[in-house]
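Both complexes below contain chain A, partnered by chain B and then by chain C.
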Partner chain A sequence: MRLLGVFFKISFQDDAAYRGEFWMRLAATLYSLAGAFVGIWIFFSHTDRIAGWTVDEVVILLGAFHIVAGVIRTVLGPSFERIVEEVREGTLDFVLTKPASSQFLVSFRRIVSAAAMECLMGAGLVGYGISRLSQQTGLYTAFAFAFALACGLAVLYSFWLFLNTLVFWFVRIDNVTQIFWALFEAGRYPLDIYPGWLRVLVTYIVPVGVVTTFPAQGIAGRLAPASLLWYAAAAALSLYISSRFWRFGVAHYTSASS
Partner chain B sequence: MAGMSREIDIRVRELTKHYKVPVREGGFRASVASLFRRKYRIVEAVKGVSFDIARGEIVGFLGPNGAGKTTTLKMLSGLLHPTSGEAQVLGHVPWKREAGFLRRMTLVMGQKNQLVWDVPAMDTFLVNQAIYGIPEREFRETLAEFTELLGLEGLLQKPVRNLSLGERMKCELVAALLHKPRILFLDEPTLGLDVTMQNRIREFIRVYNQRYGATVLLTSHYMADIAALCRRVIIIHHGRVMFDGELSRLVGSIAPFKVLHVALDRAVSPEDLDGMGEVLALDEGKLALKVPKDRTPEVTSRLLAELPVLDLSVEDPPIEDVIEQVFEQGVEV
Partner chain C sequence: MIAGALRAVAGLWRGYKALLHLTWSEMLQYRAAVFIWTLWSLAGPIIHLSVWSSIVAAEGALAGYDRGAIVAYFVVQSVVYHFTGAWQVWDFSYLIRTGRLSARLVKPFDPSHHLVASNVAFKLMNLVWLIPIWTGMYLYFRPELPLGVGSVLTFLLALLLASVLLFLWNQCFAMIAFWTVRASAFYEFADALGYMVGGGIAPVALIPPALQSISRALPYYYGVGFPIEVGIGALDGAAVRAGLWASALWIAALFVIYRLLWRWGLKRFSAVGA
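Up next, the complex of A and B:
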């Protein structure tokens, strides 16, 4: 954990040197947010509910989406950025000869603090949605939201790690993160709006949908404690599997010749 | 030092590594076919290599490209699992990658960088400090010591991309040695550097070895590195050990000849040198002769008697030539 602190400190110092990037990111996030709002406004100008979701609930979901996207852009995106190059050129050797978990190092080594802005904005949206919610937000619903969000992040992280581990076999997987982001866009809207087959796809196969839908359901008081437990189990299992897969991948790594 | 019953830091027994590599045939049809069914070929990179290295030794690990040097180093640093055979480094099996092992060794590769390109070298040092859990005070002291030894003043805060190749290599060494490892695997650490920079790096390795009693296994294409640092060399070719012993013995047994350098008062013709030995160079009164070792006294006295000699020196042949001869003859010594 001390290591995480050092990663953060160093990244923060580097980012401070590039203030322009901070403002660019802020603008980009605001822009994507504005687009999403227009979408929501168009939908709800015709109806009160979409697939059982009120406008406030959808705003909370959007907030959750941006919190998660922010975490990925802050930590996972930058940390995994170099892995393709490292496997191709063999510089992953330096990660593997360190006395620390290689999975931890590749996952958290680079933090772009400017991107954390998106998390804050997401949190703001969630707060705004809650303030407009008709029913009272109790301790349980707040907990359900946070818990489901944490599980969602764990599931998403596992999926991300799994995709990136494929680098050991295919070497050129630069497109994997593109595919990830394209699929992740599905998390912007409630799962219930998707037709059956697509819902199955984004729930079980590529688990991006659940990451935002479940927390939003949690805060709306629509998530039973039993579901939370199931979700926690699924998160733990996916972490375990992806971690094993990573280790399997590392064992497969032969490192580029001199 | 050698020959005493010293502790063995690196013990290698019958280490073997086969790679399975896909065979790519040229042409479109073959490419399409390879998408479905790949053909593989087994490459035997290392075939039953054995040796021991004692604590504090600097051993030169030599061989032509593709001889198996890097593969061996990678197995010893825990990056590759061998196909068969055993190795122990500081009592650990390297490829188990136990923290206790990784903490006490380092791997430096002249052609690969661990420093992050866009940020100052200092950032990488700080990350390594955290990874190895180096206490702040020790970190500062070590950094100050290395900075002075390598002459790195003022370079640590510059982005790595703004450093010259030599400066970068020096920073790489610092990053790799901050945790003061006991075992150093150095793969071509002076590659591509100019002579001054090579000397500096060489001197640093020598000082580090003496100060911390570190054990060093070094590969280099520059024989000057080997000659300056290594008393003992291991020569590997086609994945097998061809020679393991003192550098001086290698020169003596493989190359049983000397080179005579002679300065002459006037030009001489090649006929004057008939039967003396192989003429390596004859130019403007300067002569180099390759002479079998046992004939050296005889040839020397003939030269002195028959030619207007101003100066004469007897030297061992250049180490490059000797090594090359080992590869060509393929003899096991």
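Up next, the complex of A and C:
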């Protein structure tokens, strides 16, 4: 935890040197948000429910989407980006020999704090959606939202770790993250709208859809306690598997120098 | 005079053969990345097809778009997106920023020919996997498309004009790179708006009137919405003719703007380089 604080501080100092970049990023994020709102406006000018979802629920879902996207852009994306380069150059050895968990180091060492704004905006959207929601948001629904979001992030994190562990066998995997982002776009809207094969793809194979749909369902009071338990189990299992796979990958890895 | 023109055309043809060969081998090096960009371009159409399908399933046909028309619209959209894609604003900014443009300028060719060839090579190479993907989409979604010879030829004409139009539009933004390193940011800004109001996330008939008037002020409708509507047979003969003329006018206007910007920019560039 203390290490995480240090990483954050370093990154903040890095970013503070490029303030123009910060404003550009802020403008771009606001612009894409405005675009998303216009999209929702267009859709809901013809209907008041999309596959059973009201406009407020879709706004909450969009908020969850931006929270998750923000986390990936802040932490996972930048940190994992370096592995590919380091395996190619053999400098990953320096990470592996450090006296902290290598999995922790590769996952969190590079933080782009400017991207965290997207999380704040996502949280703002969620708050706005909740305030307009007709039914009362109880303690349980708020908990269901937070819990489902945490589980979703854990699943997604495992997925990234798994994907990036593949680097030990296939050095050139930079492009794989592009596929991830293309599929991640599907998470902007409720999973219920997609045809069966696509829903299976973004639920079980590349778990991007569930990360946004489940929390939003939670706040709308449509997530039963039993499914929360299932979800927690899935998150724990995926964390375990990906962590084992990482250790297997490291063991398999022999650097350029050895 | 005719002989001179023929010689010029023959020279251009020889040059293009060489350039296409060159850019094709460049693409071949990055075929994995090229493939992934293609998959990217399918995400939007499939997502919006799903959104509109579920809206239409609940509300019935909207402005003439029933479920079949929605499916046809977004399947054709994936084809139109592919053929109208243009991205030289990034390449050109890079050439200017690194000064590599100078090397291109001494070749006996306008550097824009290289950009055209690279665009064409990319689109040709992608057909290798896009044709099976499109066939699969056609068989899976079963869109109702007018497949008569006349309709298909009109669609191909609209598609050709659309790709020239969006290429020139992009080319105008590329010229901004002579003045600022942020040319691509300007382009992305316009592009996000243009695709939203020009037929990207919804057929133009389905967007609110306020957005439709923005759409009329931009060339995007003729690069995105119009060729799709021609392809699915949503327009009558008069509307098709009017649209083709409007595309041609946009092309002429953008070409003039691009040439002017190119000439000014080049002067500026030589001043810096010398």
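For this structure, a couple of remarks:
Here, the second predicted complex is superposed on the first by the 256 of 258 C-alpha atoms of A that agree within 3 Å, B and C clash if a C-alpha of one lies under 4 Å from a C-alpha of the other, contacts with A are read in each partner's own complex, and residues count from 1 in each chain.
In this text, contacts are C-beta pairs under 8 Å (C-beta built on N, C-alpha and C of every residue); 3 or more make two chains touch, one makes a residue touch a chain.
Source: prediction; values computed, not measured.
In the model built by aligning both structures on chain A, chain B fits alongside chain C without clashing.
Of the two partner chains placed by superposition, only chain C is touched by A:38; chain B is not. In the superposition on chain A, contact is made by A:51 with chain C only, not with chain B. By the touch criterion stated above, A:85 is placed in contact with neither chain B nor chain C. By the touch criterion stated above, A:2 is placed in contact with chain B alone, chain C being left untouched. Look at A:96: by the touch rule set out above, it reaches chain B but stays clear of chain C. For the superposed model, the angle subtended at the Cα centre of chain A by chain B and chain C works out to 100 degrees in steps of 10.
Once the two complexes are overlaid on the shared chain, A:21 sits clear of chain B and of chain C alike.
Once the two complexes are laid over each other on the shared chain, residue contacts for A:10 go to chain B alone; chain C is not touched.
In the superposition on chain A, A:198 makes contact with chain C only, while chain B stays out of contact range. Distance between chain B and chain C in the overlay is 14 Å (nearest C-alpha pair, rounded to whole angstrom). For chain A in complex with chain B, the touching residues are 2-3, 5-7, 10, 13-14, 89-91, 93-94, 96-100, 105, 109, 251, 253-255, 257-258.
Within the complex formed with chain A, the residues of chain C that make contact are 32-33, 36-37, 39-40, 42-44, 46-47, 50-51, 53-55, 58-59, 62, 185, 188-189, 192-193, 196, 201-202, 206-208, 211.
Contacts from chain A toward chain C in the complex involve residues 24, 28, 31-32, 35, 38-39, 41-43, 45-47, 49-51, 172, 175, 178-179, 181-183, 185-186, 188-189, 192-195, 198. Those residues of chain B lying in contact with chain A across their complex are 19, 69-71, 74, 77-81, 97, 99, 102-103, 105-107, 109, 111-114, 118-119, 123, 126-132, 187-188.
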